[in-house]
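Consider the two complexes below, in which subunit A is the common component and subunit B and subunit C are the respective partners.
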Partner chain A sequence: MTTFVELLVNGISIGAVYALIALGFVIIFKATEVVNFAHASLLLAGGYLVARLWPLVGFWAALLIGVAAAALVAAAIEFLVIRRANVASHSVLAIVTIGVDIVITTELTRQIGTDVLAMGDPWGSEVVRFGGVTLAETRIVALVTAAALITVFLLAFKYTGWGVAMRAAAEDAETAALMGVRLGRVSMSAWAVAGGLAAVAALFLCVFPTPGLDRSTSLVALKAFPAAILGGLDSTTGALVGGLVIGVTESMMSGYQNDMAFLGRGIGDVAPFLVMLVILLIRPAGLFGTKELARV
Partner chain B sequence: MYRYLAWTGVAAVLCLVPFYLDGFWLQTGLFAMSAAIGAIGINLLTGATGQLSMGHAFFLAVGAYAYVFFSAEPTARLGGLGLPTGLAAVLAVVVAGVAGGLFSPIAGRLKGAYLGIATFALIFGGQHVLFNAEHLTGGFNGRAVPELNLFGFSFGDTPELIVLQVPFGTLERLWFLGLALVALSMVFAQGVLKGRPGRAMNTIRDHEIAAGVMGVPVARYRAGVFVLSSMYGGLAGVLLALVFQRTVPEYFGVLLSLDYLAMIVIGGLGSVGGAVVGALFVSLLPQLLTKYSDSIPLVAAPGTPGGVSPAEAARILYGAAVVTVVLFLPGGLLGLIRKIRLRPPRLRLPLSSPSPSPETRSPHVP
Partner chain C sequence: MADLAVSDLVVGYGPVRALRGVSMRVPSGSIVAVLGANGAGKSTLLRAISGTLRFHRGACQGAVTLGDQRLTGLDAASVVARGVVQVPEGRRVFARMTVEENLRAGGLGRSRRENAKAHDQVVELFPVLRDRARQRAGLLSGGEQQMLAIGRALMAGPTTLLLDEPTLGLAPLMAARIAETIKEINSLGTSVLLVEQNVAMALSLASHAYVLEVGEVALEGTAAELRDSDEVRRRYLGVADAVEGTLETRTLSRWS
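This part shows the complex of A and B:
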């Protein structure tokens, strides 16, 4: 039973981190209708800067710079590439982001080489015990931070002028522009926010119990894609639920993999994708996605 | 007439290649041929039908491993059926098609980039199986590939074969097989694109609702094209396995799928020629950089510390090429070639000028 609770809490915590990534992914999709395959590289960029800078300027300043830099890179992608690409179909824009991803990821993995970079976080490998349940401090911090960030974002999305502009633009870009919403700013800010969230997620993906940031971190980040799509690409609620589903599934499958040896080693890494397939079979638009309706 | 002459010339030059170039270039060329076949397949899906797929590498893996499994003699550790190798190659392509068909409930219903994310599952699931089903795949170390033997003619190093004083080994023999397969794949895909199915596919890409209204069974077409493209992937996988002579699971990862998408964007979306040009570009670039790494600034020889290795330089270059092409060269390299070749602009009939396709998700549908 304690194992189960431990796995569940760990799953929820890692799920909250996936939700952060998926949320950024969904924000970008809502604002610009682009499926951003470069998201993993934004995350890697943020994480890499934090890992490189903390010995020089201390952890908190490094984290701040990392988040800002990832936001800046994301905004630059929007400004230099997405805005200028004049293409008929959004699939092509998705492929452009793949091009961007190839460039950034290749350069960063080259810089990282075979190293495993520590994140220099103040929590280290401390654990906390509640009754018989042992939890890593980093996991609790991750859960709290992710929950706080998501709450702030959702409140801003609902109540601030920026949020209203964003929702209006997502609903009907042309009308929103006629009402005085500056679409360029809206989409650029969406990209920036998504980049920042990805950088925070990078931190928590690389702290204890993970050894650190290495070249496979961007592959770990890919697990947020199923999170976004199984919740529904255009739904912020979907991103949260999707993240949690993926996190808990992964944690449970890895935790009990000895009981499921017939499925092979490393089933925990594949499980998120299998869950996504099952959900897409039943609901092609995702759990909370709007089913596309068209009148002719 | 002019066209046929040009094609004959190209074919003649390609047939002469094995008599003059060494093994390194033959192998590079064969990789490019395999890539061309795979790229034609994914261009039918992504370029012509607008369905993004990240899972193309999975179908290459299915083709390669199915060929090995069907053709290899069973041993204590590894399974095999020991079928005639020609039959095994055909069956491998069929199996890749079946694998694509099994995915059709999803491939038919999801569109565009949604499908792209869903097909990540194929890659990760596929790699999991490749690493774990050791009896079939040999696990981490992979399996040796039996050489192909068609109607008594072996595509291996034995028996010795000397044509015009040039010893014909595996690579030289496979070169001609590869050329034939590429030509066949091109002709078939061209037929699909030029005919009724091609028009239906393009309509689905440009305006899904219009396609449905005009009587195109959208879901069935999407699923069908997915199957076709996976069979192309399977064929590419078989050729790749024959050239590599060993299949290793690591090769068939996300990066390979991304390479294929880069190929078709760089070459030109939606056309057979574009796929081939892009495949040549993406598969020759790293080899060229490796070969001439000494004389190119900023690129270091493989294994030396510091500097950018040729493989990385190639990746960065073609990643940038993808972005550049979409921003500045809609139509890809093939479009660029056509533009250069275009004679002074003639007056065109207004009918033939491409009209902008209406946005699929246009909010202005009355």
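This part shows the complex of A and C:
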């Protein structure tokens, strides 16, 4: 039972981090209809800066710079690549983002080499005990932070002028423009927010019990793709539910994999994709989505 | 306040020529009607003015000016910022957003005080928008959606309002209601460029009108002149008994 609770809380915590990534992915899609395959590279860039800068400026300043830089890089991709690419189809833009991803990831992987970079976070490997349940402090901080960021985001999306402009542009870009909404700003801000969220997610993907940031970190981030897709590419609710589903599935499958030896080792890594496939077979637009991926 | 003028406007969608040298003027404070059958180029004209041709892969030559400012080449948001606001064909309310959020979307570029003032005016003009404030816009009736679309455009504080077939598909009573509203908005000082297929209604509101035919101005004149022109009576009012000044709600007999 305690194992179950530990796995569940850990799953929810890591799921909330996936949800941060998926949320960014979804708002980029809502604002620009582009499937951003460069998302994992934004995450890697933010995390890399935090890891390199904390010995120089301290953890909190490094985190701030990492988040700001990832937001800036994302905004720059929107401004310099997505906006200029004069192509008819959003699928072509999605392929363009693959190119961007390769450029950024290759360069960062070269910089990182075989190192495992510590994030310099203040939580280290501390654990907290509730009754018989033992949880890593990092997991609790991740859960609280992700929940807070998601709440702020959803409130802004619902109540601020920025949110109204985002939703109007997502629903009908031409009419939004006719009402004076500046579509360029809307889409750039969507990219920037997504980049910032990805950098925060990078931090929590690389702290205890993970040894640190290394060149495989962007592969870990890839698990947020099934989260966004199974939730529905154009649904913020879907991103949250999708993140949690993936996080909990992964945690449970890894935790109980000895009991499921017949499925083979490493089932925890494969499970997110299996869950995505099953859900897409039943609901092609994802749990909460309105657009099928095939029509993207 | 300034006159909106279009001169020698040529618009193409790829190889398709939709406008071939159209010129017209909306004097400050007036209502000007643009009439014409389906496909004549009426919506294209409004797109060229509002700067939304790029959403349709269209390109334009010629000039659109507001007083001595050129609007040609500006993006849609900048045209709105200069006071020229369009209510598009088919209403295009944001169906997934509430009525209140739709109105808010119209006033995003303005200050809180301007918005509060415009909001008061809009709900006074259309009280139903206050009653339905929290409903999803997609659930409104066609007439209510048209009111919302007009209200949303008024939130942007237009000095010139472009209306694309505002009575299309509405019941006669609702169409008459919209016509009244247009008159009222105009009496408060807003110039109106009214695109309509409901010719009798349009001519009863407008002081001046243009008839578009396959991308060209075929006829123009004062509303009274056009009402009396044999051409218009035969082609658009359908019959010889169209009485001057009545709110005839029959749509024109379409011609191929």
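One rule holds in what follows: the second predicted complex is superposed on the first by the 290 of 296 C-alpha atoms of A that agree within 3 Å, B and C clash if a C-alpha of one lies under 4 Å from a C-alpha of the other, contacts with A are read in each partner's own complex, and residues count from 1 in each chain.
Convention: a contact is a pair of C-beta atoms (placed from the backbone, for glycine too) under 8 Å apart; a residue touches a chain by one contact, two chains touch by 3 or more.
In this text, all values refer to a predicted model and were calculated from it rather than measured experimentally.
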By the touch definition at the top of the document, which applies to A:E174: first (subunit B), second (subunit C), both, or neither?
both
What is the contact status of A:R182 with respect to subunit B (first) and subunit C (second): first, second, both, or neither?
second
Quick one: classify A:A165 as touching subunit B (first), subunit C (second), both or neither.
second
Taking the superposition as given, does A:I98 touch the first partner, subunit B, the second, subunit C, both, or neither?
first
Going by the contact rule set out at the top, does A:V5 touch subunit B (first), subunit C (second), both, or neither?
neither
Going by the contact rule set out at the top, does A:V127 touch subunit B (first), subunit C (second), both, or neither?
neither
For A:I229, is the partner it touches subunit B (first), subunit C (second), both, or none of the two (neither)?
first
Of the two partners subunit B and subunit C, more of subunit A gets touched by chain B
Footprint overlap on subunit A, where subunit B in one structure and subunit C in the other make contact
172, 174
In their shared complex, subunit B is touched by residues of subunit A numbered 33, 35, 37, 81, 84-96, 98-103, 106-107, 110, 172, 174, 219, 222, 225-226, 228-229, 233, 264-267, 269-270, 273-274, 276-277, 280-281, 284, 292, 294-296
Considering the complex alone, what residue numbers of subunit B touch subunit A?
46, 50-52, 105-106, 109-110, 112-114, 116-118, 120-121, 124-125, 128-129, 131-133, 205-206, 209, 213, 254, 258, 261-262, 265, 269, 308-309, 312, 315-316, 318-323, 326-327, 330, 356-357, 359-361, 363, 365-366
Report the residues of subunit A in contact with subunit C in the complex, numbered from low to high.
161, 164-165, 167-168, 171-183
Inside the complex, what are the residues of subunit C that reach subunit A?
50-52, 55, 75-77, 80-81, 85-86, 88, 92, 94-97, 101, 104-106, 108-109, 152-153, 156
